[in-house]
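In what follows, chain A forms one complex with chain B and a second complex with chain C.
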Partner chain A sequence: MGPVSRIPVSRILGYRLFQALLVAVTVGLLTFVMVRSLPGDMAYRIAAGRYGYDMVSSDAANAVRAELGLGGGGAAALALWFLDLFRLDFGESVISGRPVLEEIRHQLGHTVGLSVAAILLSVLLGPPLGIAAGLRPGGALDRGLLVAASMLRALPHFVVGLILIMLVSAGLGILPAAGHGGTENLVLPALTLALGLGAVSARVARDAMVQVAASPYYAFGRVKGLSEARVFLRHGLRNVSVPVVTYLGVQFVGLIEGVVVVESLFAWPGIGHALVHAIFSRDVPVIQGTALVMGMMFVLLNAAVDLACLWLDPRKQAS
Partner chain B sequence: MNALLVAEDVAVFSGERLVQPTTLSLLPGRPLTILGESGSGKSLLAQAIMGTLPRGLRAEGVATIDGRRLPLSSGAGHRPLWGRILGLLPQEPWLALDPTMGARAQVAEGYRHVRGLDARDARRRAQADLDSLGLAMAGSKLPSELSGGMAQRVAFAAARAGGARILIADEPTKGLDVMRRDDVAALLMREVGEGAGLLTITHDLALARRLGGEVAVMLDGVIVERGPTEKVLTNPGHEYTRRLIAADPAVWSGRPGAPAAGAAVLEAARLGKTRGGHRLFADRDFSIARGEIVGITGPSGSGKSTFGDVLLGLIEPDVGFVRRAAGIAPVRYQKIYQDPPSAFPPRVTLRRAIDDLVRRHGLDAGRIAPLLDRLRLSAALLDRRPSEVSGGELQRLALLRVLLLDPAFLFADEPTSRLDLITQQEIVELLAEVARERDCAVLLVSHDTELVEKVCHRRIRLGEEAPG
Partner chain C sequence: MLRAALAALVLYLPSTLSPAAAAAGDEVVDIVAPFEIVDVDPSITGDLFLRMNVAETLVGTDLDGRPAPALASDWTLSADARVWRFRLRQGVTFHDGSPLTAEAAVGALRHAMGKPGILGRAPITEIAADGDGVLVRLSEPFSPLPAFLAQYTTVILAPASYDAGGRVQRVLGTGPYRVASLQAPQRLEVERFDGYWGERPAIRAAAYLAVGRSETRALMAESGDADFVFNLDPASRIRLGRSPKLSVQSVPIPRTILLKVNAGDDLLRDPRVRQALSLAIDREGIAATILRFPAAATQLFPPSVAAWHHPGLAPLGHDAGKARALLAEAGWAAGADGILAKDGRRFSLTLVTYPDRPELPLVAAVLQEQFREVGIEVAVNSTSSSEIPARHQDGTLQMGLAARNFALVPDPIGTVLQDYPPRGGDWGSMNWSDPDFHKAISDLIALSDDAQARPLREKAVAILQAELPVIPIAWYQQTAAVSRRLLNVRLDPFERDFGLAGMRWAP
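Let's turn to the complex of A and B:
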């Protein structure tokens, strides 16, 4: 593998930085507009978030309205949010009163832990099975994997999660159904996410392997005298990895979408969980903050995928 | 002298018998060439001997290689010989090299993993091989950075790095220009000079002549004639061999007379194009008149196809301009592609593909039948898919497709480089006749100088000074 030249690296990072800026603007704008256009009186919802649904009165709602200036124009509030963003100030939660950044920092750690576990698990499950299936297309493993992957892909995360809870927690009684703390709490939510991700990456790896194994260079590797294992290691693995790793980047959208559902389902105190709660109580600064962080995570993960592809594929280094 | 390889009664089946039982033997230092058209079964014969028949095909017979008797019906037992005793020089070396691995590493793995040298020695030997092939600087280059000729030499070094003393070369000159063809012949002869056995499969008469030794001519799965190359090719005994030799552009009857002076259909001035930092052509003026056939020759990578595409408007030139004659519909400027299968939609019948064209441009469907006759095509072919007709038939169907549009200018980009000799002659003659009949200007790109000399009114050379 040749040395990674500087120019593509800086081009990748520059492009992703530009994308990050675009994400910040879009997320800020969209969350603001969407929260404002949700049905129901915002002040009531916020008051309910602060004091509980039973304690809400129109006095409390009016107090909230006055305090947060909700009666005023939205444009000023939005402009203020962008201004603060430049100073890396995400504002404060209108419910708890604590800085958004502090809340997110706490939750982000949990989410990153869950996401990393899910990605690792999916990479261990999906591509190796896919490659094994692709080496014998039409075999028992290949056909079985097609059925399993189609089913997993067709089921939404909350169904997969519920099935796992019923089978593993309720049925076998070996893992907790929800909560946070030790590794045992991490397994089911991570597996739920990983099954969805792995189902697709297995198919991508399988198709890539079939294609590579049918290529003239794979056949040439064999007649050069290399053993089957050697041909796979030297001419199969890297050529299969390039499309698979590229595809992982596409999958991260699904991961971030899955995190929201899975964290709520398993009561995992990450930002997905926090986002759902913030939406219920119309906590606009928290919604904007978490959505922004999720957007940034997506950009960051994709930048990592780009760099991995650059490292894997010498053709990209040459261009 | 002991034979390196003896094949006895080798036959190949896929339901029906594709190759009739054939016996041949390979002596050290005496090349054997199997000559035939595509579909004659010559590649299948070599694959059966080599043990690389595609799935679904079955072989019979016995091959004795390096003292080992291998019954071919089992399809097993070859693997330990690959690379060590039997080396295969692949077709289309560009595709046979791993696109993500440097050239030297692809050669070194034969030394390291087949011969068992340590990594440093393997690297050194691989570099020495590249040096001796004039590729000293190409060691860390990827296949996409190599020219066709360079890729051919890298594949050659990789095929023999494991120490194989029997080389099987399957169409080693497919798509190469004359210069590269002679390089390949020299490379193969170098091995033969060192006592290697060489079995070459080709449709290229010039390559067979250069290799000398023995030749076997194959037709429909049967070897119809064999003997010393010199004798067979100068004094053929079989009717088919005579036809094959007559189809060689080198012996086609002379160049056409001057075209009737017509109006120019296309003019270009001061054209220049640079690609990938390499200047393909600069300051080229060009003009072509109705009924005129102009040939473009030059080594691979010299920009022949690009020049035609610029004239057609498919590629923008960096400098200069192209002007079409006034009053001719844009759709009458057409192109015939090099690889007919990739110029047709693969999953629909040919009838459907042509009907769609007729509907799209409001053409007269009644013209299809006479054109089929003119191009000596059977109407039954239209109900097949592109993969179910021969390359020659498909190229004639491609010609039919553009003729329906009544072309004023036709750019034929290496239209016969993937076809065998007899089919090539048919296609090129048809193209020239049709151009004459319809007063159509033709720009013919070819790597075959002889062919261009024989059919074109004039010739343009590109990139003669640049190495391939």
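Let's turn to the complex of A and C:
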């Protein structure tokens, strides 16, 4: 890390810690209220989640109601959840009976692996192309990239994923279509996500590059007699990186949205897939636990983005 | 940042681009189906452990769904028809090496009794060990009991499978395969169990993967990632049928798409109205365009359920003109917008269905159109499957579109008892009863001689056809795409078995 002074770092961390607390309380309250206000009888929905459509019946729903004490008041259940939270006890899934923390750990690992691979791939694909386009605005690459980025951004992940499976797995037969276990299973889902992310970061990098290349300090670098490559490495790269990295923070939201679709398409046992199932079957402890962990991850990632930007842009560092 | 990312990726890529060796091509049979492994308890996921030949039931089925010996080698019924005795097969061991004893079997059945499942629906008063057998005492004669003990919620697991609270911690069955690894909710790996009591299977190991999306499943068959892909959507089935590497197999199964109607609803109480609804449905069109099988239902039970199919019944047909005439006879007249009205009330109904089986919302949309043609307005609500039983119970259901499985217990009597009792059933009749029908069913379950059963079943089925407490729409076929390298694959019409133990690789 560069010469970062203490004041802004501690301010960033303090602010984010406060945010984390706020997220915990809000997520706990909101998920609870929202799930309770969803239409349909909870006992029936849980029974459908457990026993499936062939076996869900009023008998099964009544057994669930008695087992989980669903007749009780909502306020008491919410207070209990917060109390358990302070002891870092997330409770047990009402569907599978396994501890929520155990389920999240298993799923989160898969989702984090997929997300990290997707971000790395997108960083590798998007910004370099964007920078190249930004160095020659209006050129063939720039125009081609605009069309490609718009198309990739406009296509839903579901379609991109299916096209990739058809081309790469069914057509060429070089990668598995779906499943998990081996690293080769990771490539297609990660690429599906990365194409959407890279499309946007390419545009951000391209616009930033155009701006930087037009700035007086960039011109001064050239006047000074530096080669194109040198002037880019000395005066361009770091300045372009700030908006690209900042934008990464924003992209995490889009990533979560994509993960839900991509995980079920590729049969990837991640948290997005699990969250959708939990909502369908009113698995409140799992919804609360998952939403909380995801909220915390956002806070953590945003803190990391703040620190990265601070390091990249010395002007923001307090003297 | 960029450089670090690049370095990470370069380190990562070589392992990534190695050939897709873990897929097909080795000795492991890769099986893909839509069923998730929600929990290891048999009341929840017993069907999968049964299908994967990990767990077994006391009673099995033959090709026609009749009870056949499994863990019980034979069974007898007392003279008063109230005590069944199931004699256990000798020399059976569980996957933990412990022997199958009468006590172990009784323990497993008692655990099953305590959870939602099928046993709670039989008039059982006691399950007890008796030497080398299991005694089941009943409060009244109940001939379908052996079929009930073939259902997946009654699989026999070793005592060590359960914790002190009766929760299943591990699946220790008696089947030819044992669990090698389990990653809920999607992956299960099994390997051959050398201590199996029966014939040693040819396949050494298999991996099961739950894949919810039918598009993905079909593409996995096409790319060779899976050797056996269960449950194909109609479009994929036709496409995969043209692949030289795959054979697409299908078998009629005892599952029927039916429209459950609330016979107590003001609009639907008149049997003529229910008949009109039935006549308004173009079943052949629905079967041909949505299911893409010639599977239009002419009655509730398909011909493959030989015992319950009644060839002498006049088939349900499509005749919109006759439907309109019946509605007019019942006092309904078309309003200004073409929708029928009577005494100032519009003929407007809500139909509830669920998207778990993707064809159902499509069928619902077609029904909406076909009912509109005879002047009935229908709003479709595609929601959780549990809404049908929930709204049955609170009385607000008008119509529910469901795909009902008549092989919940291999003998359809299990589903009939559950769905058509005098007070109505969550997935069957609602506010409908018919004394002759209920008499025929109660006579049937008290009967031990099958020759006398046929007329009773025919009578019951004829009453359902005339009264239409539910309106049958289409029958089902189960389909699977199978790699041509895999031989001896046979689809089980009762959906109890993937047939893994019987499969072998082509030489």
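We take it that the second predicted complex is superposed on the first by the 316 of 319 C-alpha atoms of A that agree within 3 Å, B and C clash if a C-alpha of one lies under 4 Å from a C-alpha of the other, contacts with A are read in each partner's own complex, and residues count from 1 in each chain.
The working rule: a residue touches a chain if its C-beta (ideal position, glycine included) is under 8 Å from a C-beta of that chain, and two chains touch if they have at least 3 such contacts.
Here the structure is a predicted model, which is why all the values come from computation and not from measurement.
For A:L155 in the superposed arrangement: first (chain B), second (chain C), both or neither?
neither
Just checking: does A:L124 make contact with chain B only, chain C only, both, or neither of them? Give me first, second, both or neither.
second
State whether A:R222 touches chain B only (first), chain C only (second), both chains, or neither.
First partner only.
State whether A:V112 touches chain B only (first), chain C only (second), both chains, or neither.
neither
Could you tell me if A:L141 is touching chain B, chain C, both of them or neither one (first, second, both, neither)?
neither
Does chain B (first) or chain C (second) touch A:L175, or do both, or does neither?
second
Which touches a greater number of chain A residues, chain B or chain C?
C
In the superposed arrangement, what residues of chain A touch both chain B and chain C?
Shared contact residues on chain A (touching chain B in one complex, chain C in the other): 312.
In the complex of these two chains, what residues of chain B are touching chain A?
50, 52, 79, 82-84, 86-88, 90-92, 95-102, 109-110, 113-114, 140, 142, 144-145, 155, 158-159, 161-162, 164
Touching residues of chain C toward chain A in the complex: what are they?
Touching chain A: residues 1-2, 5-6, 8-9, 12, 15-20, 22-23, 35-36, 38-39, 41, 43-44, 115-117, 120, 167, 183-187, 209-213, 215-216, 219-220, 222-225, 354, 356-357, 383-387, 389-390, 392-393, 402-403, 405, 408, 418, 426-427 of chain C.
Mind listing the chain A positions that touch chain B in their complex?
2, 215-217, 219-227, 230, 234-235, 238-239, 242, 312-315, 318
If you look only at chain A, which of its residues touch chain C in the complex?
Within the complex, chain A contacts chain C at residues 40-41, 44-45, 47-61, 63-64, 95-98, 106, 117, 120-121, 123-124, 127-128, 162, 165-166, 169-170, 173-184, 186-187, 237, 241, 245, 264-267, 269, 274, 277, 280, 308, 312.
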